[in-house]
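Each of the two complexes below includes subunit A, the first together with subunit B, the second together with subunit C.
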Partner chain A sequence: MSAAEAGTAEAGTAEAGTVGRAPNPVVSWVRLFASECRLVLTRRRNIAGLAVLSAVPILIAVAVKIWGVGGGGPSFVDSITANGLFVALAALAVELPLFLPLAVSWIAGDSIAGEANLGTLRYLLAVPVGRTRLLTVKYASLVFFSLCATLLVAVVGGLIGSILFGTGSMFLLSGNTISFGATVLRLLLVCCYLAAGFAALGAIGLFVSTLTEQPIGATVATVLINVGMFVLDTISQLDWLHPYLLTHWWMSFGDLLRSPIYTGDLNRGLLTALAYAIVFWLAAWARFRAKDVTS
Partner chain B sequence: MPRGAVYGFLGPNGSGKTTTIRMLLGLIQPTSGTPTVLGEPIPQRVAYALPKVGSLVEGPAFHPYLSGRRNLVRLDAADPQASRRTAGSRIDAALERVGLMPAADKNYRAYSLGMRQRLAIAGALLQPRELLILDEPTNGLDPQGTREVRHLVSDLADDGATVLISSHLLSEVEQICSHVGVMHAGKLLAQGTLDELRAQTAPTVRLETSDPQTAIEIMKRLGLKRPRSERTGDHHLISAELGAVEVAAIVPALVAGDVPVLGFRAAAQSLEDVFVGLTGEGFDVSG
Partner chain C sequence: MASPADSQQTANRNTRQRRRMLAWVAPLAAAALAVGGGVLASNNASAEPPLPKKTAQQLLTAVAGAKVPGLSGTVTETANLGLPSLPTGSQGGPMSSSDFSDLVSGTHTLKVWTSGQDKSRVALLGTYGESDLIRNGKQAWLWSSKDKQAIHTRYVGSAPDSMQPGDLSQAQTPQQLAEQALKAIDPTTTVSVSRNVTVAGRPAYELVLAPKDDRSLVGQVMIAVDAKTSTPLQVAVTADGQTKPALSAGFTKIDFAVPDASTFSFSPPKGTKVTQHTVTAPSKRDRADARKHAKDAASKTTVVGKGWTSVVIAKADQTALGKSGKSGGNAQLQALPRVSGSWGSGRLLSGALFSAVITDDGRIAVGAVRPQLLYDALQK
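Moving on, here comes the complex of A and B:
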């Protein structure tokens, strides 16, 4: 850092140029990333969305506490009374097809189109923020949000479950038991695995968001793509296509609850997510790099 | 544009002022040609040119649910050359400069149009700038706000910044600008200092009378060029180019010819005359 930066340099207009006192690019990237995350996480609308996400595990736990298990219902619900941490898994399984993807699509659709719609995009570009730099920050914040949303559901589920049903050693799907600490670790792995899938969906949303100035439109399109993939996944005639669908691998998170962990499908799922993320991020970049911003 | 100038960028609505500014800021790609800003080709080298440029494009735009200060923090965070450590003092100085300090922590949503405009100007002043590009900076401001912006612009110019102001308010440009460029239908028709532009058109005289025929006859005899008559209410307004005729000789000659002189004025052409002369009258929007 140069000496010019020391002391309280007042920002006069005719002061020496800014050249030479520029901070490290990584530092400034992190600063913009923090600003972006703060923007996403402090927006009232988004907080309301996160509140809805965290209401699901509470709903499940309270329902099971009052009316009992009673057979049927979503996966993992049967095991809740044995171990409260299963509430987290049940909630994740319930929110997996729509709620969590919707939340990620919402943020992703808003990422570029929202700024374009407000007109703040032109001011960011005139700063100049750098188009590629902006796109990396936007996507990083989407990955961060995917992880936050997933963890939120799991943490709320784990807490309410522990309170209502207590914790104990966990029976795995493969029949053996593991300690509480190991269970928490498995739960964390589940969250990371699912967040990777949602983050890949976020890349699709980011790309769609560069195509339009209507954030809602971008969100709806992304949700439709997500639902479309789930629908395709149910058509058995299309089984040759299924391995290439992003959502096909999401339910495999259950494999993390076996002992030893069955990694075959998980690896395939992570690889698919990575491929989707790279392809759609690059598509977004190709589109945004030369886009005329007239809003 | 010479350095240190306050350049008024004029043109009717739809003449291409904003499009030009968008091109200068690298927001859109020109279909042909390469504009340069501070010597750097755009958009190839925006990252080198734009840090020295503060801009206000097509009105203010901020996040409505953030305060004015938070919005500036956001803009500053986007700037790869801005240091976080000096952000607080730079933002305060910018807010102070546009007089928004008292409302800095109110939500942008609650700002009046004038305050929004000022916040946008504050955003342009977060860093020392060599060039300020202000697109319609006084749009929506009350007369007092307009005056303040005018003072602000002169102050900035005195500090050595070059300022480009796009506007269709001619009086405003006349008051603050040293140089003017006139745009019409996507082409720059004329540019130069205010005086140079005025000099391109001859000074005129205007006469109000109820006897246009005789008046025009006498004016022609005196050597005034291209007299035109138009009806205004009960009278006729005759305007003619002065040429080399002595102004003081006109009224006595008219009176001697029994022409009722109801009003007389000799003036250098106003910027409005220059402007209308260049771009034509009427409301046609040039695509």
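Moving on, here comes the complex of A and C:
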């Protein structure tokens, strides 16, 4: 809705300006992008979703504080008592298969189908916002949201962990001890890597969202694609397929916690994410530019 | 009759539709490019690199004389031994274990660093975990991130010389070493140099060892030897009648620069359980004792047959059998199928490359042969 408003406002300025002088495309793109980002982060249902995401690290930290480690549990959990920053890693590992992809699928499914469902897509396109430009803005805001959601989980996890367990010496999977600053840097790299994967899922969601006018349907379909890829990844007979699955590489974020960092799988993970993002963004573009927008 | 306006409209619609279809070319082309690129990247060893011809002996001589000051690389290990799945407690699915004991099944990635004769590090990369085996002079560390445990071993006295196989150490030159090795395996084995291959992006010779006795479960052993440095880059063991190797380990990436010295230093992080071990190098008398012990052990062990089809029969005391395989060793034993015959009865472990029978009267027969040969050997 506000995207449409921003578009209208922008159109207004264009009209007010000298006739024949188009508004600076970069400025108007940035303006649309900023409004879209604001929308994504301030919609009440999105805030509720982000609250659920940040509840997981709090839950993990409190549970470990009260009942102790006790062996087993999700990865990284048994290191939490040594260093609170491990809460962030444990929470990311727990939310990686479903929670974070669900959040990204939700926003992605909503991106085009949501506007179509509310009847605002028509207005958005009626003002001079090209379809291609709208898709780039929508996707850029999806990338922004992926990074924000991942960072939120890590920051909340790091904060609650530091409060409850303090920040003792942090050790890597290879057994090296590193400083607090280096730990924060590694956590940031982990978030960026995961956000790239989720953003690629967002491109799939964007494409699905151009196929329908039902945002819920688009979200469910995107989540199903995500879960389906995880299921395929567990079938060992399909091992030739695994490297082509987007989700196959997500758990490689652990490679950032080695010394030296093992880049083999990380590079392939990033390349796979990039390929998915390009293919599905182009598919969304091919579909959307020819779509009859009636609502 | 269509009016000119109508046909104009139809033409417009047709162009519009064609444009719509054309737009799909972009994502399809991108998808094809991505998949094609992926396939190309995984089949990089298709062309046979041209290399000067070498005989098996020349190749062995080069390997024996190879001196590499240091290297670092990534190794992919795949074991498909066809063993019955035992309850090992390892996680299934896309999670890969970081336990060295889990190398016997599945595919694993290892990182390897060596420097000089006495520095090495092997890291087994698991999902969210890692195990490291670091050897630095007279110190060795075994680290497991999963258990947060480290085992520290110190060698007192002279460094262990276990790297030298006794008989071969008397040979002086690589040439002699190669000759002796060939002589030792020649009666039972066909040694040949196969087509050239590319391993880790490097052209390599491929040495093939094949048992002459076709009763062996081993089909052939292939060793890829780097053309430039004569370092073995890949080893693959194929079971008889199979096309895919049952066991293979090879570099996917290798760099012959000497790794930084810090790679080989290790200090356990705080809160780690460290177990200390001290190994004292055996004195001359100890060595003599050890040789006697070995002889005693040998008297309990008999070898039936020779070469690739030899069967080793050992007497195991029941207590050791009960303790083997950590907890639940007995349960694992019970899970194996029962076999019996004129030789007695026991349990059979049958894999793609070897078979083993553990008899009820406490004998163990192992060999790279089919179970029938084990039974024959047990009867003798």
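Everything that follows uses one rule, which is that the second predicted complex is superposed on the first by the 273 of 295 C-alpha atoms of A that agree within 3 Å, B and C clash if a C-alpha of one lies under 4 Å from a C-alpha of the other, contacts with A are read in each partner's own complex, and residues count from 1 in each chain.
The rule is short, and it goes like this: contacts are C-beta pairs under 8 Å (C-beta built on N, C-alpha and C of every residue); 3 or more make two chains touch, one makes a residue touch a chain.
Bear in mind the structure is a predicted one, so any value in this text is a computation, not a measurement.
When the two complexes are overlaid on their common chain A, residue A:43 makes contact with subunit B while staying clear of subunit C. In the overlay built on the shared chain, the residue A:130 is in contact with subunit B alone; subunit C does not reach it.
Using the contact criterion defined above for the overlaid structures, shared-chain residue A:25 touches subunit B, although it does not reach subunit C. Shared-chain residue A:51: touches no atom of subunit B or subunit C. By the touch criterion defined above, A:59 lies against neither subunit B nor subunit C after alignment on the C-alpha atoms of chain A. Residue contacts after overlaying the shared chain place A:122 against subunit B, while subunit C stays out of touching range.
In the superposed model, A:292 makes contact with subunit B only, not with subunit C.
Taken together, the two complexes place residues 290 of subunit A in contact with subunit B and also with subunit C.
Within the complex formed with subunit B, the subunit A residues making contact are 1, 5, 8-19, 21-23, 25, 27-29, 31-32, 34-35, 39, 43-44, 118-120, 122-130, 133-134, 290, 292-294. Every residue of subunit A that touches subunit C in the complex is listed here, in rising order: 75-76, 78-79, 82, 93, 168-169, 171, 173-177, 230, 233-234, 239, 242-244, 248, 251, 254-255, 258, 260, 262, 264-265, 275, 278-280, 282-283, 285-286, 289-290. Interface of subunit C with subunit A (complex): residues 19-20, 23-24, 26-27, 30-31, 34-35, 37-38, 42, 74, 92-95, 107, 109, 111, 123, 125, 127-130, 132, 143, 145, 148, 150, 252-253, 263, 266-272.
Chain contact summary for the complex, subunit B toward subunit A: residues 22, 25-29, 46-47, 50-53, 55, 57-59, 61-66, 73-75, 77-86, 89-90, 93-94, 120, 123, 125-130, 156, 159-161.
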